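Shared between the two complexes below is chain A, which has chain B as its partner in the first and chain C in the second.
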Partner chain A sequence: MNPMVSPPIDLATEKRHLGELAPMVIKVALAIGVLGIAGTAWLAYGAHDGGERFYRSYLVAFVYFLSLSLGALFFVVLQHLTHSGWSVVLRRMAEAVAANLPVLAVLALPVLFGLHHLYHWSDPEVVAGDHLLQGKAGYLNVRFFLIRMAIYFAVWAGLSRYYFRTSLRQDETGDPGLTLKMERLSGPAIVLYAVTQTFASFDLLMSLDAHWFSTIYGVYFFAGSILGFFAMLPIIFYLLQRSGRLTHSVTTEHFHDMGKLAFAFTVFWAYIAFSQFMLIWYSNMPEETGWYLRRQQGQWAWVSLTLLFGHFVLPFLALISRYPKRRRGMIVVPTMWILLMHWLDIYWLVMPEASEGRVPFSLLDLTCFLALGGVFVAAAAHRMRRRALVCEKDPRVAESLRFENA
Partner chain B sequence: MSTALIDNTYKDPAVRPTLVLGGQDFTSITEKVCGIVEAPKPPRIWYICLAVAAGLTGVLFAMVGYLIVTGVGVWGLNIPVGWAFDITNFVFWVGIGHAGTLISAILFLFRQKWRTSINRSAEAMTIFAVVCAGLFPAIHVGRVWLLYWVFPVPNQMSLWPNFRSPLLWDVFAVSTYMTVSLMFWFMGMIPDIATLRDRATTRVRRIVYGLLSLGWRGSNRQWHRYERAYLMLAALATPLVLSVHSVVSFDFAVSQVPGWHTTIFPPYFVAGAIFSGMAMVVTLLVPARQLFGLKEFITLHHLNNMNKLVLATGSMVGFAYGIEFFISWYSGNPFERFAFMNRALGPYWWAYWIMVICNVFVPQVFWSKKARTNLWIMTIVCILVNVGMWFERFVIIVTSLSRDYLPSSWGYFKPTWVDILTMAGSFGLFLTLFLLFLRYLPMIAMAEIKSVMPQAGLEHGAHAGHGQYWGEIPHQHEHQFDELNGVKR
Partner chain C sequence: MTGSEKQLRGLLAEFGSTDVLLRAAERVRDAGYTRWDAHTPFPVHGLDEAMGLKTTKLSWFVMACGLCGAGGGLLMQWWMNAVDYKYIISGKPFFSIPASIPVMFEITILVSALAAFVGMLAFNGLPELYHVVFTSRRFVRATNDRFFISIESADPKFDAVTTASLLTSAGAAVVEPLED
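What follows is the complex of A and B.
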């Protein structure tokens, strides 16, 4: 045998199920989740503000995990749209994360209960005294908002379930026709995704300040979501490999590519963030600048600067070289940092609307994060407890196992 | 080789399409591509096209000369519409260039091996489009002889350009773009030019191609450095795909003109640029592949992929139109609302609807594979896309300027014959340059395309994974890898 030829990777000898790890992960995640829920309940009950603070913290945590699942759904659909081969061994985990979207539909309920606390356009008295909001009432009203939410989550749940289930079916049958089916749906799917994702970001986040508007907002939220997902993906595989799973099939090349994508979307996020900021700053029109002024005054100025350096400059420098991207232990450090910054980004989108000049960090932010994070991880682990962690009979799996970054 | 080509657009997920058809091997590729350059005479139709294009270029120079001698008053623009055909043409041509950079840089980073058949000509198109683009702001300034003032050159008047103006950022963005694109294009061509030099039968060719090939010997070390440099340039050109048209969009978006100032402009301009550029690549390559018999290289699979990109970027543009319209209503700003209603229903309604129909509705036929692989349909669609994208810039620029805040200073722009002939002339210049490129430079990247053929053996042995996957992807569970790797169990 040619010594330069690496031996073929054989999926059959690979540990590719969660197995005994699943119950443990589920237990720990649920324990954290329950702890988070209990803490949240205790703190929210003790706050005596009618839940005001709770709903905001909850919205941040909810949108954060929603964005990760939406990023995963985009990744899955995009791989089918481009007939991608390299990513086949990564796709199952993305499918599993995206399949949390039906769970998130349930977790959206507290946001809906807190509608009046979060969105001032939902208060008829406020609208009656606000000429601008009257003009928008055809779109920004409670009933239409609920209808839209139902549509978004129906689309997301439908797509994520379809892709997860069809892919699982292929594990059993090995039918390449299923790949064709998934590819055929990917075109319409990406259109639906673009529309729902954009308007969901308008509804959930932009309408927190219903006077303000920005046409790029949907792209901004999209960029953050995708970056969050690409930051999460290498961490998932790092942890799986640490536990002895997929040790051969997810290669250095895959980590390198995940790192490249995290790098690319770090820059893309910065590009979109800069475009929005620069154009509003330069034009200096009062109906637009208020949103940024709130984020530049008082303590928020420090958060904005943290985002500039922490969400862009640091990850940019950390990920630009080839060296860390090809080392599993190294790549996860900047990506964990990006995940943290992505949370801060969402926080920065939500919180200044209710707290001018002061960054209202509170334990509730942490407990809501733990509550939703625990449920999020437990749901994904539960879903994967008996499933293969790779799309093992995808017709292109061999290509994925063998590709190299030349 | 004139036998019917197999349909390599056939979709079997377990089979990667063959990228070069017709049983070509390395020798036949060199013969074919160099043959176009070395043939004693190009096809007759090439002469006809060149005559028309060169004639139009003459018209362009005549118009520019007339403009310089007489003044910008020969154009139809005047207050309030101070930018019209000139800036429309500028944005249009810069946009056209973007597809070339996308194909050569971004698709390279994405390991899209099919790009090897089309990247050379697409990059050439980029250069020529930027040449046409650069012309318009230059002649628009009025006193062309003072154009060097746009550069921050130290001078006796201590006169500096306004660094806060996006028009100055344009100067930097477009000149950077031109420089990097030119380097990328030329560097990529060196091995192929060396091939032409080595095959040269005349003294002139030996000298010219010899000079251009910069002493290329094809040694291992040269190839190694070449490939590293190529990767670096691709990485440098990738942000340019986004930045150049973003800066162009700043020209409008930093202002307070309703219809110009909107935050989605940067990514939306980039999508539109790639959209129009990709349509232009298809428009140019369909006739070129027929004319020079390159159907085996630029196959239906390639055209299918490009048309998918046209559909994707066109849908992004259409979506952005929708978002702009929605937010103009949602903003509650009466000026914004007016600007968009005025586009659709005002005096320039015809331009708006040409834009919407050509850019949003027409490309939707590409959802059908039949349309994506039919040469006539794709040519017509892509020409319409180019018409639509020209009108998009016209709509943005002219309708917004013609009616802004003060109804008393509204106006209506009408192009003069000089406007129209200058625009037509720029197409002449673009086509002249492109036709000369087709005849005198290797229009297909020979060295690159050979690496994506089975004969390159890049899917075997030590090179496993470096090359294009072609043909059937081995099935994992059957231990077929052993066979591929030559392992005996």
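What follows is the complex of A and C.
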């Protein structure tokens, strides 16, 4: 609408803080988390596999929540990089989710403890009898792996804290110069993000089968991560609005755009997934096809097909129309489904390496998910307990409020 | 051509701002006119609703054409590779879905884009080489700093006097007859 004549949206009447909701969310999330931890401990303690099953389930859940926070960090940096006005009212929640990255750095510790259970290249005996792994040992060795993990999490924690803190400082001072500072960092930040995110996916996931390699793997993980985040974002705002918060500042237009992004990255994920598959299928080289062969044999074939239809075809059809994207209650149904499919995608990346032909669903998968999910939500809610849920004094908040899809 | 041969084809109303234009469009819409249009130098948010325009059918047309493109692309490759000209390429099957997807994808995009372009023109009745609004000297400012509503005399509700007074009461700065 014409900026000269449109009436300003009245924010004075809107609830923009979690308020009394915060302790409740934290309590419930922590209760679920503790339940998950207790269940995990009970199940893992009773197992006779030395914890291998636990570490795999934990890795799936850990990478899942890591990917959501990484998606959030990408969103925040991208908004500054592109000087975006429309998204200002959404950015605070993305900042809050991204700010879970320091928490995830701590939650990475079990993965490091389980290194020898997860990654065959970390076993000197295996490497001694494996010519290929010897060739890769300069990169794939425990010390360098730990150094790289430290670098990734230092970059992610540093960036997410910087953007969260600076944005909060702007809430107090209203200084538009802070926006310029955040924008100036966004260029180098996106490069750092691309490098760390790509190599982290190589290290955490691709090296589960260190014989296999795919240069597009980092993009594949990126596509799924961003999609997961864009699926989570409308759900966050839907729940906040259901509880009477942000009822004015986040409009149908913003939901429409979150839906568009979820749709776009559904297609992007499928495009990248197929690009990876087709090149390997077509060139038909044994050192590359093994990875897909494992995922096409036995029960895994059904998981692969579920991903094709559930991760792409269904969300594609559900999100293509403008109609559901402009209806809050409708848009969250496919995005909740996408969040589930994103979990299955990570599961599909991790599990076939240890369980050929059989999908080893276990209660541990659920308890690890609950444990990490509870901590994830509780940490974010705790962080936001006294903060405004929108960037109140961003110089472009008015632009964001007025934003309309043409 | 002499003045007596000219016929009234419609009315052109000029407005000074988008706000007045939007309110006037609502009045014209509510009065039940069907053969009329609004002309603005830039896209005005809310004008679609004010004019009572229905959601476009273009997306369904594009969707249908895109699906035909996908199916046609698949059929084409099947017929070429597995029927008409069988040729073994690096031991691959004559016909397989994965190998066909890139071409299907490209044809889907191509057909959808063409359908959107041609469909948009067709649904809008374009190209339209002549319209009576172009007889108005005033109308050139529709591309600059003025907002217009034109109502054609072919509209069943059209009446030279009442339509003109509707436009005037809706806030038109000037109402002029369109003749040719």
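The working rule: the second predicted complex is superposed on the first by the 399 of 406 C-alpha atoms of A that agree within 3 Å, B and C clash if a C-alpha of one lies under 4 Å from a C-alpha of the other, contacts with A are read in each partner's own complex, and residues count from 1 in each chain.
Everything below uses one rule, namely that a contact is a pair of C-beta atoms (placed from the backbone, for glycine too) under 8 Å apart; a residue touches a chain by one contact, two chains touch by 3 or more.
Because the structure is predicted, anything quoted here is derived from the model rather than measured.
**Student:** Identify the partner contact of A:L279: answer first if only chain B is touched, second if only chain C is, both if each is, neither if none is.
**Tutor:** A:L279: touches chain B, not chain C.
**Student:** Just checking: does A:S214 make contact with chain B only, chain C only, both, or neither of them? Give me first, second, both or neither.
**Tutor:** first
**Student:** Figure out whether A:S321 sits in contact with chain B (first) or chain C (second), or with both, or with neither.
**Tutor:** It touches chain C, and chain B stays clear.
**Student:** Please indicate which partner A:R396 is in contact with in the superposed arrangement: first for chain B, second for chain C, both, or neither.
**Tutor:** The answer is first: A:R396 touches chain B but not chain C.
**Student:** Just chain B (first), just chain C (second), both, or neither: which does A:T173 touch?
**Tutor:** neither
**Student:** For A:E404, decide between first (touching chain B), second (touching chain C), both and neither.
**Tutor:** both
**Student:** Residues of chain A touched by chain B versus by chain C: which partner has the larger set?
**Tutor:** B
**Student:** Can you pull the chain A residues that chain B and chain C both touch?
**Tutor:** The overlap between the chain B and chain C interfaces on chain A comprises residues 1-2, 5, 278, 282, 404, 406.
**Student:** Provide the residue numbers of chain A that touch chain C in the complex, in ascending order.
**Tutor:** 1-2, 5, 274, 277-278, 281-282, 284, 320-322, 404, 406
**Student:** For a test of understanding, state which residues of chain A touch chain B in their complex under the given definition.
**Tutor:** Against chain B, the touching part of chain A is residues 1-2, 4-8, 10-12, 83, 85-86, 132, 135-136, 139, 176, 179-180, 183, 187, 191, 194-195, 198, 202, 211, 213-219, 253, 260, 267, 271-272, 275-276, 278-280, 282-283, 285, 287, 392-393, 395-399, 401-404, 406.
**Student:** Show me the residue ranges of chain C that touch chain A in the complex, using the header's touch definition.
**Tutor:** Contacts found on chain C: 17-19, 43-46, 59, 63, 90-92, 98-99, 101-102.
**Student:** Contact residues on chain B for chain A in the complex?
**Tutor:** Touch list, chain B to chain A: 11-14, 16, 109, 111, 239, 242, 246, 250, 253-256, 261-267, 315-316, 319-320, 323-324, 327, 330-333, 367, 461-462, 464-466, 469, 473-477, 479-482, 484-487.
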